[in-house]
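Just passing along the structure, written as C-alpha coordinates.
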Amino acid sequence: MRIARITGTATATVKDPKLSGLTLLVADIVDGAGKVLDPAVVVADACSAGVGDLVLVVSGSAARVAARTGGLPVDMVAAAIIDHIDIRA
Amino acid sequence: MRIARITGTATATVKDPKLSGLTLLVADIVDGAGKVLDPAVVVADACSAGVGDLVLVVSGSAARVAARTGGLPVDMVAAAIIDHIDIRA
Amino acid sequence: MRIARITGTATATVKDPKLSGLTLLVADIVDGAGKVLDPAVVVADACSAGVGDLVLVVSGSAARVAARTGGLPVDMVAAAIIDHIDIRA
Amino acid sequence: MRIARITGTATATVKDPKLSGLTLLVADIVDGAGKVLDPAVVVADACSAGVGDLVLVVSGSAARVAARTGGLPVDMVAAAIIDHIDIRA
Amino acid sequence: MRIARITGTATATVKDPKLSGLTLLVADIVDGAGKVLDPAVVVADACSAGVGDLVLVVSGSAARVAARTGGLPVDMVAAAIIDHIDIRA
(Lines give C-alpha, C1' and ligand atoms only; values in the text may rest on other atoms or scores of the structure.)
Protein backbone atom coordinates (compact mmCIF):
# COMPACT_ATOMS: atom_id res chain seq x y z
CA MET A 1 0.00 0.00 0.00
CA ARG A 2 0.99 3.62 -0.20
CA ILE A 3 0.55 6.74 1.89
CA ALA A 4 -1.16 9.59 0.02
CA ARG A 5 -2.32 13.13 0.71
CA ILE A 6 -5.69 14.04 -0.83
CA THR A 7 -5.27 17.25 -2.84
CA GLY A 8 -8.52 17.61 -4.74
CA THR A 9 -11.36 16.03 -6.64
CA ALA A 10 -12.13 15.02 -10.21
CA THR A 11 -15.58 15.11 -11.80
CA ALA A 12 -16.79 13.20 -14.84
CA THR A 13 -20.22 13.14 -16.45
CA VAL A 14 -19.53 10.75 -19.34
CA LYS A 15 -18.23 7.55 -17.77
CA ASP A 16 -18.50 3.82 -17.44
CA PRO A 17 -21.89 3.20 -15.78
CA LYS A 18 -20.32 1.35 -12.85
CA LEU A 19 -18.42 4.51 -11.85
CA SER A 20 -21.68 6.35 -11.08
CA GLY A 21 -21.90 7.54 -7.51
CA LEU A 22 -18.20 7.07 -6.75
CA THR A 23 -16.21 10.01 -5.38
CA LEU A 24 -12.95 10.43 -7.31
CA LEU A 25 -10.20 12.01 -5.24
CA VAL A 26 -6.91 13.35 -6.60
CA ALA A 27 -3.95 12.53 -4.36
CA ASP A 28 -0.17 12.64 -4.16
CA ILE A 29 1.70 9.54 -3.03
CA VAL A 30 4.00 10.68 -0.20
CA ASP A 31 6.58 9.25 2.17
CA GLY A 32 6.35 9.24 5.97
CA ALA A 33 7.51 12.87 6.12
CA GLY A 34 5.05 14.11 3.50
CA LYS A 35 7.50 14.35 0.58
CA VAL A 36 5.73 13.73 -2.73
CA LEU A 37 6.92 10.50 -4.37
CA ASP A 38 4.34 10.23 -7.17
CA PRO A 39 1.91 13.04 -7.93
CA ALA A 40 -1.66 13.16 -9.19
CA VAL A 41 -3.09 9.69 -8.83
CA VAL A 42 -6.88 9.35 -8.75
CA VAL A 43 -8.38 7.17 -6.03
CA ALA A 44 -11.95 6.08 -5.43
CA ASP A 45 -13.09 7.01 -1.95
CA ALA A 46 -13.77 4.01 0.27
CA CYS A 47 -13.41 5.70 3.69
CA SER A 48 -15.13 9.13 3.45
CA ALA A 49 -11.80 10.93 3.02
CA GLY A 50 -11.56 14.60 2.10
CA VAL A 51 -9.05 17.14 0.85
CA GLY A 52 -6.05 17.35 3.17
CA ASP A 53 -6.50 13.88 4.65
CA LEU A 54 -3.61 11.43 4.73
CA VAL A 55 -4.91 8.09 3.45
CA LEU A 56 -3.89 4.52 2.86
CA VAL A 57 -4.10 3.75 -0.86
CA VAL A 58 -4.76 0.16 -1.92
CA SER A 59 -3.98 -0.61 -5.57
CA GLY A 60 -4.64 -3.30 -8.14
CA SER A 61 -7.27 -5.99 -7.86
CA ALA A 62 -7.33 -5.42 -4.07
CA ALA A 63 -9.16 -2.16 -4.80
CA ARG A 64 -12.16 -4.25 -5.81
CA VAL A 65 -12.11 -6.08 -2.46
CA ALA A 66 -12.88 -2.99 -0.36
CA ALA A 67 -16.48 -2.87 0.86
CA ARG A 68 -17.54 0.25 -1.06
CA THR A 69 -15.87 -0.60 -4.37
CA GLY A 70 -16.44 -4.34 -4.74
CA GLY A 71 -16.71 -5.30 -8.40
CA LEU A 72 -16.17 -1.77 -9.73
CA PRO A 73 -13.69 -0.76 -12.43
CA VAL A 74 -11.24 0.95 -10.08
CA ASP A 75 -7.54 0.22 -9.51
CA MET A 76 -6.85 2.51 -6.52
CA VAL A 77 -8.95 3.23 -3.46
CA ALA A 78 -8.49 5.30 -0.34
CA ALA A 79 -9.17 2.48 2.14
CA ALA A 80 -8.31 4.18 5.45
CA ILE A 81 -7.68 7.62 6.92
CA ILE A 82 -4.23 7.50 8.53
CA ASP A 83 -4.23 8.92 12.06
CA HIS A 84 -0.56 8.59 12.76
CA ILE A 85 2.68 7.35 11.22
CA ASP A 86 5.36 6.39 13.69
CA ILE A 87 8.81 6.00 12.09
CA ARG A 88 11.30 4.54 14.56
CA ALA A 89 14.09 3.05 12.43
CA MET B 1 -6.29 5.56 -11.56
CA ARG B 2 -4.49 8.12 -13.64
CA ILE B 3 -5.34 11.29 -15.52
CA ALA B 4 -4.41 11.18 -19.22
CA ARG B 5 -4.69 13.40 -22.27
CA ILE B 6 -5.65 11.59 -25.48
CA THR B 7 -3.10 12.47 -28.19
CA GLY B 8 -3.89 10.12 -31.06
CA THR B 9 -4.94 6.71 -32.24
CA ALA B 10 -3.29 3.41 -33.10
CA THR B 11 -4.51 1.02 -35.78
CA ALA B 12 -3.77 -2.69 -36.11
CA THR B 13 -4.99 -5.19 -38.70
CA VAL B 14 -3.21 -8.31 -37.44
CA LYS B 15 -4.31 -8.79 -33.84
CA ASP B 16 -5.78 -11.03 -31.22
CA PRO B 17 -9.36 -11.71 -32.33
CA LYS B 18 -10.82 -10.31 -29.10
CA LEU B 19 -9.35 -6.89 -29.89
CA SER B 20 -11.56 -6.53 -33.00
CA GLY B 21 -13.82 -3.52 -32.88
CA LEU B 22 -11.98 -1.81 -30.03
CA THR B 23 -10.75 1.76 -30.48
CA LEU B 24 -7.12 2.08 -29.38
CA LEU B 25 -6.23 5.56 -28.18
CA VAL B 26 -2.71 6.85 -27.55
CA ALA B 27 -2.48 9.02 -24.43
CA ASP B 28 -0.04 10.75 -22.11
CA ILE B 29 -0.42 10.29 -18.37
CA VAL B 30 -0.48 13.82 -16.89
CA ASP B 31 -0.77 15.53 -13.52
CA GLY B 32 -3.53 17.92 -12.48
CA ALA B 33 -1.84 20.80 -14.34
CA GLY B 34 -1.35 18.85 -17.57
CA LYS B 35 2.35 18.07 -17.14
CA VAL B 36 3.27 14.78 -18.81
CA LEU B 37 4.30 12.15 -16.25
CA ASP B 38 4.39 9.08 -18.53
CA PRO B 39 4.06 9.36 -22.31
CA ALA B 40 2.52 7.16 -24.97
CA VAL B 41 0.36 4.63 -23.23
CA VAL B 42 -2.34 2.92 -25.31
CA VAL B 43 -5.83 2.72 -23.81
CA ALA B 44 -8.95 0.98 -25.05
CA ASP B 45 -11.82 3.39 -25.32
CA ALA B 46 -14.65 2.67 -22.89
CA CYS B 47 -16.27 6.16 -22.81
CA SER B 48 -16.30 7.46 -26.43
CA ALA B 49 -13.27 9.68 -25.81
CA GLY B 50 -11.46 11.47 -28.61
CA VAL B 51 -8.20 13.29 -29.28
CA GLY B 52 -7.72 16.16 -26.86
CA ASP B 53 -9.99 14.77 -24.16
CA LEU B 54 -8.78 14.44 -20.59
CA VAL B 55 -9.72 10.97 -19.38
CA LEU B 56 -9.62 8.73 -16.34
CA VAL B 57 -7.43 5.71 -17.08
CA VAL B 58 -8.16 2.47 -15.22
CA SER B 59 -5.34 -0.11 -15.33
CA GLY B 60 -4.79 -3.77 -14.59
CA SER B 61 -7.51 -6.36 -14.18
CA ALA B 62 -9.98 -3.52 -13.45
CA ALA B 63 -9.80 -2.68 -17.16
CA ARG B 64 -11.71 -5.89 -17.81
CA VAL B 65 -14.48 -4.83 -15.41
CA ALA B 66 -15.58 -1.80 -17.47
CA ALA B 67 -18.80 -2.38 -19.41
CA ARG B 68 -17.33 -2.11 -22.92
CA THR B 69 -14.18 -4.14 -22.29
CA GLY B 70 -15.37 -6.99 -20.06
CA GLY B 71 -13.31 -10.13 -20.68
CA LEU B 72 -11.04 -8.53 -23.31
CA PRO B 73 -7.23 -8.66 -23.36
CA VAL B 74 -6.72 -5.04 -22.34
CA ASP B 75 -4.83 -3.63 -19.36
CA MET B 76 -5.76 0.07 -19.65
CA VAL B 77 -9.07 1.68 -20.51
CA ALA B 78 -10.31 5.25 -20.75
CA ALA B 79 -13.24 4.81 -18.35
CA ALA B 80 -14.46 8.42 -18.03
CA ILE B 81 -14.08 11.83 -19.66
CA ILE B 82 -12.89 14.20 -16.94
CA ASP B 83 -14.90 17.45 -16.87
CA HIS B 84 -12.99 19.19 -14.15
CA ILE B 85 -10.10 18.71 -11.74
CA ASP B 86 -10.26 20.82 -8.62
CA ILE B 87 -6.95 20.92 -6.71
CA ARG B 88 -7.37 22.64 -3.36
CA ALA B 89 -4.46 21.43 -1.22
CA MET C 1 -1.08 -1.09 -23.07
CA ARG C 2 2.26 -0.10 -24.46
CA ILE C 3 3.86 0.32 -27.86
CA ALA C 4 6.99 -1.82 -28.36
CA ARG C 5 9.52 -2.53 -31.09
CA ILE C 6 10.57 -6.20 -31.38
CA THR C 7 14.36 -6.37 -31.28
CA GLY C 8 15.14 -10.07 -30.97
CA THR C 9 14.28 -13.43 -29.52
CA ALA C 10 15.05 -15.43 -26.38
CA THR C 11 15.40 -19.20 -26.25
CA ALA C 12 15.08 -21.47 -23.21
CA THR C 13 15.33 -25.25 -22.97
CA VAL C 14 14.79 -25.67 -19.22
CA LYS C 15 11.47 -24.04 -18.46
CA ASP C 16 8.04 -24.32 -16.91
CA PRO C 17 6.20 -26.95 -18.98
CA LYS C 18 3.40 -24.53 -19.90
CA LEU C 19 5.91 -22.29 -21.70
CA SER C 20 6.65 -25.01 -24.28
CA GLY C 21 5.89 -23.93 -27.82
CA LEU C 22 5.65 -20.22 -27.03
CA THR C 23 7.78 -17.77 -28.99
CA LEU C 24 9.56 -15.38 -26.63
CA LEU C 25 10.32 -12.02 -28.22
CA VAL C 26 12.63 -9.36 -26.79
CA ALA C 27 11.25 -5.83 -27.24
CA ASP C 28 11.80 -2.22 -26.25
CA ILE C 29 8.85 -0.20 -24.99
CA VAL C 30 8.79 2.98 -27.12
CA ASP C 31 6.76 6.17 -27.48
CA GLY C 32 4.86 7.24 -30.59
CA ALA C 33 8.08 8.52 -32.20
CA GLY C 34 10.07 5.37 -31.51
CA LYS C 35 12.06 6.66 -28.52
CA VAL C 36 12.89 3.85 -26.09
CA LEU C 37 11.10 4.29 -22.75
CA ASP C 38 11.85 0.89 -21.20
CA PRO C 39 14.29 -1.55 -22.78
CA ALA C 40 14.47 -5.33 -22.96
CA VAL C 41 11.12 -6.68 -21.93
CA VAL C 42 10.25 -10.22 -23.02
CA VAL C 43 6.82 -10.77 -24.56
CA ALA C 44 5.07 -13.96 -25.61
CA ASP C 45 4.00 -13.78 -29.23
CA ALA C 46 0.23 -13.78 -29.70
CA CYS C 47 0.06 -12.19 -33.18
CA SER C 48 2.87 -13.75 -35.27
CA ALA C 49 5.12 -10.72 -34.80
CA GLY C 50 8.75 -10.67 -35.86
CA VAL C 51 11.92 -8.65 -35.36
CA GLY C 52 11.39 -5.04 -36.39
CA ASP C 53 7.62 -5.07 -35.93
CA LEU C 54 5.91 -2.43 -33.85
CA VAL C 55 3.48 -4.22 -31.55
CA LEU C 56 0.83 -3.59 -28.91
CA VAL C 57 1.97 -5.10 -25.61
CA VAL C 58 -0.70 -6.22 -23.14
CA SER C 59 0.55 -6.78 -19.57
CA GLY C 60 -0.61 -8.38 -16.36
CA SER C 61 -3.44 -10.86 -16.04
CA ALA C 62 -4.83 -9.59 -19.37
CA ALA C 63 -1.92 -11.44 -21.04
CA ARG C 64 -3.68 -14.67 -20.09
CA VAL C 65 -6.88 -13.54 -21.83
CA ALA C 66 -5.36 -13.42 -25.34
CA ALA C 67 -6.38 -16.37 -27.52
CA ARG C 68 -2.89 -17.91 -27.90
CA THR C 69 -1.78 -17.50 -24.30
CA GLY C 70 -4.88 -18.32 -22.27
CA GLY C 71 -3.97 -19.87 -18.93
CA LEU C 72 -0.21 -19.68 -19.50
CA PRO C 73 2.36 -18.25 -17.06
CA VAL C 74 3.04 -15.08 -19.04
CA ASP C 75 2.66 -11.45 -17.97
CA MET C 76 3.26 -9.67 -21.30
CA VAL C 77 2.09 -10.57 -24.79
CA ALA C 78 2.41 -8.98 -28.21
CA ALA C 79 -1.32 -8.87 -28.95
CA ALA C 80 -1.36 -6.87 -32.22
CA ILE C 81 0.97 -5.62 -34.94
CA ILE C 82 0.57 -1.85 -35.08
CA ASP C 83 0.08 -0.56 -38.63
CA HIS C 84 -0.01 3.10 -37.88
CA ILE C 85 0.15 5.56 -34.99
CA ASP C 86 -1.50 8.89 -35.64
CA ILE C 87 -0.55 11.56 -33.08
CA ARG C 88 -2.66 14.70 -33.53
CA ALA C 89 -2.50 16.53 -30.22
CA MET D 1 9.11 -10.11 -4.39
CA ARG D 2 11.13 -7.40 -2.72
CA ILE D 3 13.38 -7.06 0.29
CA ALA D 4 12.25 -4.39 2.76
CA ARG D 5 13.33 -2.97 6.11
CA ILE D 6 10.49 -2.24 8.54
CA THR D 7 10.84 1.36 9.75
CA GLY D 8 7.62 2.05 11.60
CA THR D 9 3.88 1.62 11.91
CA ALA D 10 0.76 3.34 10.65
CA THR D 11 -2.51 3.58 12.56
CA ALA D 12 -5.98 4.25 11.19
CA THR D 13 -9.33 4.42 12.99
CA VAL D 14 -11.60 5.18 10.03
CA LYS D 15 -11.04 2.39 7.55
CA ASP D 16 -12.55 -0.29 5.36
CA PRO D 17 -14.07 -2.84 7.79
CA LYS D 18 -11.96 -5.68 6.41
CA LEU D 19 -8.77 -3.87 7.50
CA SER D 20 -9.75 -4.18 11.20
CA GLY D 21 -7.19 -6.07 13.23
CA LEU D 22 -4.43 -5.88 10.65
CA THR D 23 -1.06 -4.45 11.63
CA LEU D 24 0.11 -1.88 9.08
CA LEU D 25 3.90 -1.60 8.90
CA VAL D 26 5.82 1.16 7.11
CA ALA D 27 8.87 -0.15 5.25
CA ASP D 28 11.59 0.84 2.80
CA ILE D 29 12.27 -1.42 -0.18
CA VAL D 30 16.03 -2.10 -0.12
CA ASP D 31 18.66 -3.99 -2.09
CA GLY D 32 20.83 -6.80 -0.74
CA ALA D 33 23.19 -4.30 0.91
CA GLY D 34 20.41 -2.31 2.58
CA LYS D 35 20.36 0.63 0.16
CA VAL D 36 16.88 2.14 -0.09
CA LEU D 37 15.36 1.62 -3.55
CA ASP D 38 11.79 2.74 -2.83
CA PRO D 39 10.82 4.40 0.46
CA ALA D 40 7.68 4.37 2.58
CA VAL D 41 5.53 1.52 1.39
CA VAL D 42 2.89 0.19 3.79
CA VAL D 43 2.66 -3.57 4.22
CA ALA D 44 0.19 -5.70 6.12
CA ASP D 45 1.94 -7.95 8.60
CA ALA D 46 1.63 -11.65 7.78
CA CYS D 47 4.68 -12.94 9.72
CA SER D 48 4.77 -11.09 13.09
CA ALA D 49 7.47 -8.70 11.85
CA GLY D 50 8.56 -5.66 13.83
CA VAL D 51 10.51 -2.44 13.40
CA GLY D 52 14.05 -3.16 12.23
CA ASP D 53 13.24 -6.53 10.68
CA LEU D 54 14.25 -7.32 7.11
CA VAL D 55 11.23 -8.87 5.41
CA LEU D 56 10.10 -10.41 2.17
CA VAL D 57 7.36 -8.28 0.65
CA VAL D 58 4.80 -9.96 -1.60
CA SER D 59 2.74 -7.60 -3.78
CA GLY D 60 -0.36 -7.62 -5.92
CA SER D 61 -3.07 -10.26 -5.80
CA ALA D 62 -0.54 -12.66 -4.19
CA ALA D 63 -0.89 -10.59 -1.02
CA ARG D 64 -4.40 -12.02 -0.68
CA VAL D 65 -3.03 -15.58 -0.87
CA ALA D 66 -0.99 -15.36 2.35
CA ALA D 67 -2.62 -17.16 5.29
CA ARG D 68 -3.25 -14.10 7.46
CA THR D 69 -4.50 -11.78 4.72
CA GLY D 70 -6.65 -14.03 2.52
CA GLY D 71 -9.48 -12.10 0.94
CA LEU D 72 -8.50 -8.74 2.48
CA PRO D 73 -8.09 -5.45 0.61
CA VAL D 74 -4.28 -5.38 0.80
CA ASP D 75 -1.74 -5.22 -2.03
CA MET D 76 1.50 -5.73 -0.07
CA VAL D 77 2.26 -8.09 2.82
CA ALA D 78 5.34 -8.90 4.84
CA ALA D 79 5.27 -12.66 4.20
CA ALA D 80 8.59 -13.74 5.78
CA ILE D 81 11.32 -12.44 8.07
CA ILE D 82 14.57 -12.72 6.13
CA ASP D 83 17.35 -14.37 8.17
CA HIS D 84 20.10 -14.05 5.66
CA ILE D 85 20.82 -12.82 2.15
CA ASP D 86 23.76 -14.47 0.44
CA ILE D 87 24.94 -12.59 -2.67
CA ARG D 88 27.56 -14.58 -4.55
CA ALA D 89 27.53 -13.21 -8.11
CA MET E 1 8.44 -10.76 -18.67
CA ARG E 2 11.92 -9.70 -17.72
CA ILE E 3 15.44 -11.02 -18.10
CA ALA E 4 17.29 -11.43 -14.79
CA ARG E 5 20.66 -12.65 -13.54
CA ILE E 6 20.54 -14.75 -10.35
CA THR E 7 22.97 -13.24 -7.85
CA GLY E 8 22.24 -15.07 -4.60
CA THR E 9 19.74 -16.59 -2.26
CA ALA E 10 17.55 -15.48 0.64
CA THR E 11 16.63 -17.62 3.62
CA ALA E 12 13.71 -17.19 6.02
CA THR E 13 12.64 -19.32 8.98
CA VAL E 14 9.60 -17.34 10.12
CA LYS E 15 7.30 -17.15 7.13
CA ASP E 16 3.85 -17.69 5.69
CA PRO E 17 3.29 -21.48 5.81
CA LYS E 18 2.72 -21.69 2.05
CA LEU E 19 6.26 -20.44 1.41
CA SER E 20 7.76 -23.56 3.02
CA GLY E 21 9.96 -25.52 0.68
CA LEU E 22 10.31 -22.75 -1.90
CA THR E 23 13.76 -21.62 -2.97
CA LEU E 24 14.03 -17.83 -2.85
CA LEU E 25 16.58 -16.45 -5.32
CA VAL E 26 17.89 -12.87 -5.37
CA ALA E 27 18.26 -11.50 -8.90
CA ASP E 28 18.98 -8.34 -10.87
CA ILE E 29 16.69 -7.43 -13.76
CA VAL E 30 18.99 -6.85 -16.76
CA ASP E 31 18.76 -5.89 -20.42
CA GLY E 32 19.92 -8.04 -23.34
CA ALA E 33 23.54 -6.98 -22.77
CA GLY E 34 23.52 -7.71 -19.05
CA LYS E 35 23.19 -4.12 -17.84
CA VAL E 36 21.30 -3.96 -14.53
CA LEU E 37 17.93 -2.19 -14.92
CA ASP E 38 16.43 -3.02 -11.50
CA PRO E 39 18.47 -4.63 -8.71
CA ALA E 40 17.65 -7.06 -5.93
CA VAL E 41 14.31 -8.60 -6.72
CA VAL E 42 13.48 -11.92 -5.03
CA VAL E 43 12.05 -14.67 -7.23
CA ALA E 44 10.71 -18.08 -6.35
CA ASP E 45 12.51 -20.80 -8.26
CA ALA E 46 10.28 -22.63 -10.74
CA CYS E 47 12.99 -23.99 -13.08
CA SER E 48 15.89 -25.22 -10.88
CA ALA E 49 17.93 -22.07 -11.53
CA GLY E 50 21.11 -21.27 -9.65
CA VAL E 51 23.47 -18.38 -8.99
CA GLY E 52 24.83 -16.98 -12.24
CA ASP E 53 21.98 -18.23 -14.41
CA LEU E 54 20.14 -15.89 -16.72
CA VAL E 55 16.43 -16.47 -16.21
CA LEU E 56 13.02 -15.42 -17.48
CA VAL E 57 11.10 -13.74 -14.66
CA VAL E 58 7.30 -13.90 -14.73
CA SER E 59 5.54 -11.40 -12.44
CA GLY E 60 2.12 -10.76 -11.00
CA SER E 61 -0.70 -13.27 -10.85
CA ALA E 62 1.01 -15.24 -13.67
CA ALA E 63 3.58 -16.32 -11.06
CA ARG E 64 0.85 -18.45 -9.51
CA VAL E 65 0.21 -20.17 -12.84
CA ALA E 66 3.65 -21.81 -13.09
CA ALA E 67 3.63 -25.50 -12.26
CA ARG E 68 5.82 -25.32 -9.12
CA THR E 69 4.21 -22.23 -7.61
CA GLY E 70 0.50 -22.67 -8.29
CA GLY E 71 -1.60 -21.08 -5.58
CA LEU E 72 1.37 -19.81 -3.56
CA PRO E 73 1.83 -16.26 -2.24
CA VAL E 74 4.54 -15.29 -4.74
CA ASP E 75 4.57 -12.44 -7.26
CA MET E 76 7.76 -13.27 -9.20
CA VAL E 77 9.09 -16.61 -10.38
CA ALA E 78 12.09 -17.72 -12.39
CA ALA E 79 10.11 -19.66 -15.01
CA ALA E 80 12.88 -20.55 -17.49
CA ILE E 81 16.66 -20.62 -17.79
CA ILE E 82 17.54 -18.48 -20.82
CA ASP E 83 20.00 -20.22 -23.16
CA HIS E 84 20.44 -17.44 -25.63
CA ILE E 85 19.26 -13.91 -26.40
CA ASP E 86 19.54 -12.91 -30.03
CA ILE E 87 19.16 -9.14 -30.56
CA ARG E 88 18.94 -8.29 -34.26
CA ALA E 89 17.30 -4.88 -34.47
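So that you can tell them apart, the chains are marked A, B, C, D and E in the order they are listed, and the count of residues begins at 1 in each.
The rule is short, and it goes like this: contacts are C-beta pairs under 8 Å (C-beta built on N, C-alpha and C of every residue); 3 or more make two chains touch, one makes a residue touch a chain.
All values reported here derive from a predicted model rather than from experimental measurement.
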Whole-Å separation of chain centres (CA-atom averages), chain A against chain D: 19
Gap in Å, rounded to a whole number, between the CA centres of chain E and chain A: 31
Per-residue overlap in chain A, given as positions that touch at least 2 other chains: 60-61, 63
Chain contact topology (line, ring, star, complete or other): ring
Order in which chains appear around the ring, chain A first, chain D after it: A, D, E, C, B
Chain B-facing residues of chain A, complex: 5-19, 24, 26, 39-44, 51-52, 60-61, 63-64, 71-76
Touching residues on chain E, where the partner in the complex is chain C: 1-3, 30-32, 37, 46-48, 56, 58-63, 65-68, 77, 79-89
